[in-house]
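What follows is chain A paired twice: with chain B in the first complex and chain C in the second.
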Partner chain A sequence: MLTKLLSGDTPRSGLLTLLLLIVLISLAFAPFLFPGTKSLETAARICIFIVLVASYDLLLGYSGIVSFAHTMFFGIGAYGTALALSTTGPSYWSLIWGTATGAVVAAVFALAIGLFSLRVKAIFFAMVTLAVASAFAVLVSQMSWLTGGEDGLNYRIPRELTPAFKLVDEKILGVRINGKLLAYYLVFFASAALFLLMLRIVNSPFGRTLKAVRDNAFRAEAIGYRVVWYRTTATVLSAIMAALAGSLLAVWLRYTGPATTLSMEIMIDILLMVVIGGMGTLYGAVLGATLFILAQTYLQNLMGVAAEVTSAVPVVSTLVAPERWLLWLGVLFILSVYFFPSGIVGRLRAGRA
Partner chain B sequence: MAEEHPILVTSDLTIRFGGHVAVDQVSCSFDRGTLTAIVGPNGAGKTTYFNLISGQLHASSGRVTLNGEDITRMSVPERTDRGIGRAFQLTNLFPTLSVRENVRLVAQSRARKGFDLFSIAESHVELLERADHVLAEVRLIDQADQIVSALPHGDQRKLEVALLIALGPQVLMFDEPTAGMSVDEVPVILELIQKLKADMDRTILLVEHKMDVIRSLADRIIVLHNGELVADGDPAEVIALPVVQEAYLGKAPEAA
Partner chain C sequence: MSDTAIKPRMEKVPFKEQFFQKLPVLLVPLLALAGLVAIGNPASWLTLTVAGLAMGMMIFIMASGLTVVFGLMDVINFGHGAFVAVGAFVGFTVLAWLAGWTASPSVMLNLGAVLVAILAAMLVTGLLGYAFERVIVMPVYGQHLKQILVTMGGLIVAQQMIYVVWGPDELHLSRPEAFQGSIVFGEAAIEKYRLVAVGIGLALFLAMGHILKNTKVGLLVRAGVENGEMVESLGYRIRRLFLIVFMTGSALAGFGGVMWGLYQETITAHMGSEIMVLVFIVVIIGGLGSVEGCFIGAMLVGLLANYTAFLAPKVALISTIALMVVILMWRPQGLYPVVKAK
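Up next, the complex of A and B:
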């Protein structure tokens, strides 16, 4: 049953299983285990980024396609939901049609980019995605009458998903059972479902074919696979998943803007999360996203503490000053790539005796 | 009668690379149930001729027909679907996947399951059984779980042949299947080709350098030289031709 849910792709390493269980349990009970707004924000962000990073791995790790347009699809999903909620009101209907439209638009864009440029060299596809994504980001910031420009869009979501909605009057385990909690569980379960769906896709005959195409496209053709169609389908699926992750972010934040969805910075973060976790394994997305976002969120705090402790030591205290957190994130990244070139998951699986 | 019609025909098949004519107006037909050896010195255009038939290259002029259908402009997978299969000279496998998975992918392609998105690949037991059956035939079953890139060269050559067998095409093209194999491995491959040849529905094209292999297998030999078809006929006759002695064995006619 569990194996079937995981599509037969079990972690295949004791330590990996343990780490994944820790992440799963922490996220599933985050509102109760880590009370407070900031930790809940972090947990929701981790859920959404697991989906986003996994969908990127579908391209990079499983299909060997380098794309820089992933945040564009993420943004299309987020803006789809945001625009629907701001134009047709905070109803579930708006939520559904906005999300669906976002996913369809993302799919059409991906199909067009794929059919036009996946026939040619990989570097050309990467360049095309970079160009299209940059153009899209400019377009969104310029069309402020529709998108709110750089300021983005603030909108209301269905009341049941806001803190104003109280499910139970008393606190349970010290936590208010309100709409925010419901919104978190919407994000959590939707992310879990999308992740399991992707796990199924990569372990399906289609997913296996993607790996063959990645390994040797020339031979894949010679045994009867139409390589362009497989690559294009992978691009479309990955775009749809990214768009759905974007919709989840739009619901969670009740705000959508270029900085939260379209920026090149997020694109690079996604790339790093895939590489840190391990390419070509969706479990890598879970660990990569979790570690990276935790580091991004808490490294500054941690360093603040370290700076205070070492305030007497001159050089060290400067080095660990909170404003140097980006430096340390960089160091962590270099170390992880150096010591785990196949990512955390690759390392853990290889270490299995 | 149906078997009177050749299954594969190339007519005036030509390809130019800039000013160089690699295959020059080669017209040849291949009958069902025969094994034709294609010989010629290095650079004679044998592999290019193969590429034109299986579709990795497209002809500058001339035509390729399979069962009477013009396939000259078709893509590689379209030709594969119509029954042309190819094993490559340089080993051309899926290096990061297991031996079994390599063959399973071929079986999956033939079962037209490549676009099945929502079932678990491992649950298609018939594909795994097919893969193991073929692996047993080429005597690679003990290495089935190994990753291809870690396989010794001889085993990679066997797997190359296994992929073609799993594909089960009407026309099988072998491009030096025994090249780089150790002496004791060669008979395994020859026996397999012999077995495939016994199936009268199949047509085999074989590029090979070893004369003893050609003698024991071929029904017919064609000779390519500088991209041109210079001889075609019964093995004993063709081998005796001075032009073959010169072109193929590199000997001057008087020395032959």
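Up next, the complex of A and C:
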């Protein structure tokens, strides 16, 4: 039953299983285990980014395609939901059609870009997506009549998902059961479902073919698989998943703006998460996203302490200042591409063998 | 030695084919003409055209290194933008030291200050390119996926290092006296600096053409682009050649960074990644690996960006993407596809 749920792709390492279980249990009971607004925000962010990073891994790890337009699809999903909610009011219906529209638009964009540039070379696709994504980000911030420009959109979501809605009057285990909690569980279960769906996709015959195309496109073509078709389909699927993750973010934050969805920083974050967690395995996305966001939220405080301790030493203190944490991640990123390209998950699995 | 020694047979390309190959050259004047029709007013057209050419020249300076590096070694450097930013910061620092020179009304002193700044920037970015090639690019030759990831990582680290060295704020610096203001030409006002940029860019393009066509290094580079293995088997160390080209490309990026910084008069640590978008578009339009294509692509992008910024500011960035799409529909490998003999 469990194996079936995981589509036969078990973690295959004791330590990895343990880590994944810790992540799963912590996220599932986050509101009770770690009370407080900040930790709930962090938990929801982790859920959403697990989906986003896993969908990126579908491209990078499973298909060997580097795309820099993933935040564009993420943003399309978020803006789809946000626009639907802000124009047609906070109903479930507008939530659904906004999400669906976002996913469809993302799919069409991905199809167009894929058909257009995947024929040539992986490197070509990377450059084209970089150009298109940055143009899209500029376009969104300029069309302020529609998207609110740099300020983004604030909107209301269905009342049952807001803190004002009380499900039960008493506190359970010291936690107020309100709409915010419902929204968290909406995010959690939707993310879990999407993750399992992606696990299903990569372990299907289609997923196997993708890996074949990644490892040797020429041979795959010779056997009779249409490489362009497989690559484009992978792009479209990953775009849809990213758009759905964007919709979740839009519902959770009740705000959508360029900085939270479209910026290049987020694209780089996703890239780091995938590589550090482990390319070519969706469990890597779970660990990568969790570690990265925890580090982003809590490690910076630690670096602040380190900067204060070393404040007497001129160069070191600027190097460990909390704003410079991306520097260290960049170094870690380069090192991990060289020395363990299969990331944390690959390391753990290799350690078992 | 007999008279019957086999002579190499030079194949004559038929005129029609030659014409078709050179067709992209016509695109620049065609676009300029279309701009004249669309804008209507010759004076503003002239201003915009010079601005567009200046912008194109600066993009060309930055993009040329990238495209040759790709052509020669099949390496695309996503961290190229870092060299642009570092070059600009080094250049600005030097210009700030030489404030006495830049503020004086003497043209020679002004030029000297800019020249020193450019040389310093090129030196620093060239050395940085050496480090980048040795540490970051060398271990991942031939692996595109890793190359993209690793050079992206290099970009992140380099940008963060700029923050560490120069602080988080953007730098402002006004141009030297001699380059400020504009020349009035009939009704059209043309900024002096833009003319200087056009001149420098054109000189660089001609110099590059000369080096590639008439020197031994250039010959080796061209041969390496076409068939690296053959060059190697003839006894040339292509890795060292590549290192030289990589360093030159990085130095040119730094050069372009100083030029661009003086053009904008404001520089930030992430300016590199912003310009990289334009640089990539130019390199794709021109055909990966082709210097002429890169030059034409840069002119097209520069002109189009300025025309559309005047006619319809909202679509300025989209227009360059649209240009890329149109060109790729016409020639899927770019204007001048680089044919690899393999």
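We take it that the second predicted complex is superposed on the first by the 312 of 353 C-alpha atoms of A that agree within 3 Å, B and C clash if a C-alpha of one lies under 4 Å from a C-alpha of the other, contacts with A are read in each partner's own complex, and residues count from 1 in each chain.
The criterion applied here is as follows: contacts are C-beta pairs under 8 Å (C-beta built on N, C-alpha and C of every residue); 3 or more make two chains touch, one makes a residue touch a chain.
Being a predicted model, the structure only gives us computed values, none of them experimental.
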item: Touched partner set for A:Leu21, first chain B, second chain C, both or neither; value: neither
item: Contacts of A:Phe333 with chain B and chain C, given as first, second, both or neither; value: second
item: Which superposed partner A:Asn216 touches (first chain B, second chain C, both, neither); value: first
item: Superposed model, chain A: greater residue contact from chain B or chain C; value: C
item: Touching partner for A:Pro205 - first (chain B), second (chain C), both, neither; value: first
item: Contacts of A:Met264 with chain B and chain C, given as first, second, both or neither; value: second
item: First, second, both or neither for A:Val128, with chain B first and chain C second; value: second
item: Touched partner set for A:Ala164, first chain B, second chain C, both or neither; value: neither
item: Residues on chain A lying within both footprints (that of chain B and that of chain C); value: none
item: Chain B residues within the chain A interface of the complex; value: 54, 56, 75-77, 80-81, 86, 88, 92-97, 101, 104-106, 108-110, 113-124, 163, 167
item: Residue ranges of chain A touching chain B (in the complex, touch as defined); value: 4, 7-8, 200-201, 203-209, 211-212, 215-216, 218-226, 230, 233, 237
item: Footprint of chain A on chain C - complex, ascending; value: 76, 78, 136, 139-140, 144-150, 152-154, 156-157, 160-161, 163-164, 168, 273-274, 276-277, 280-281, 283-284, 288, 314, 317-318, 320-321, 324-325, 328, 332-333
item: List of chain A residues in touch with chain C within their complex; value: 60, 64, 66, 116-117, 119-124, 126-128, 130-132, 134-135, 138-139, 142-143, 264, 268, 271, 275, 318-319, 323-324, 326-327, 329-331, 333-334, 337-338, 341
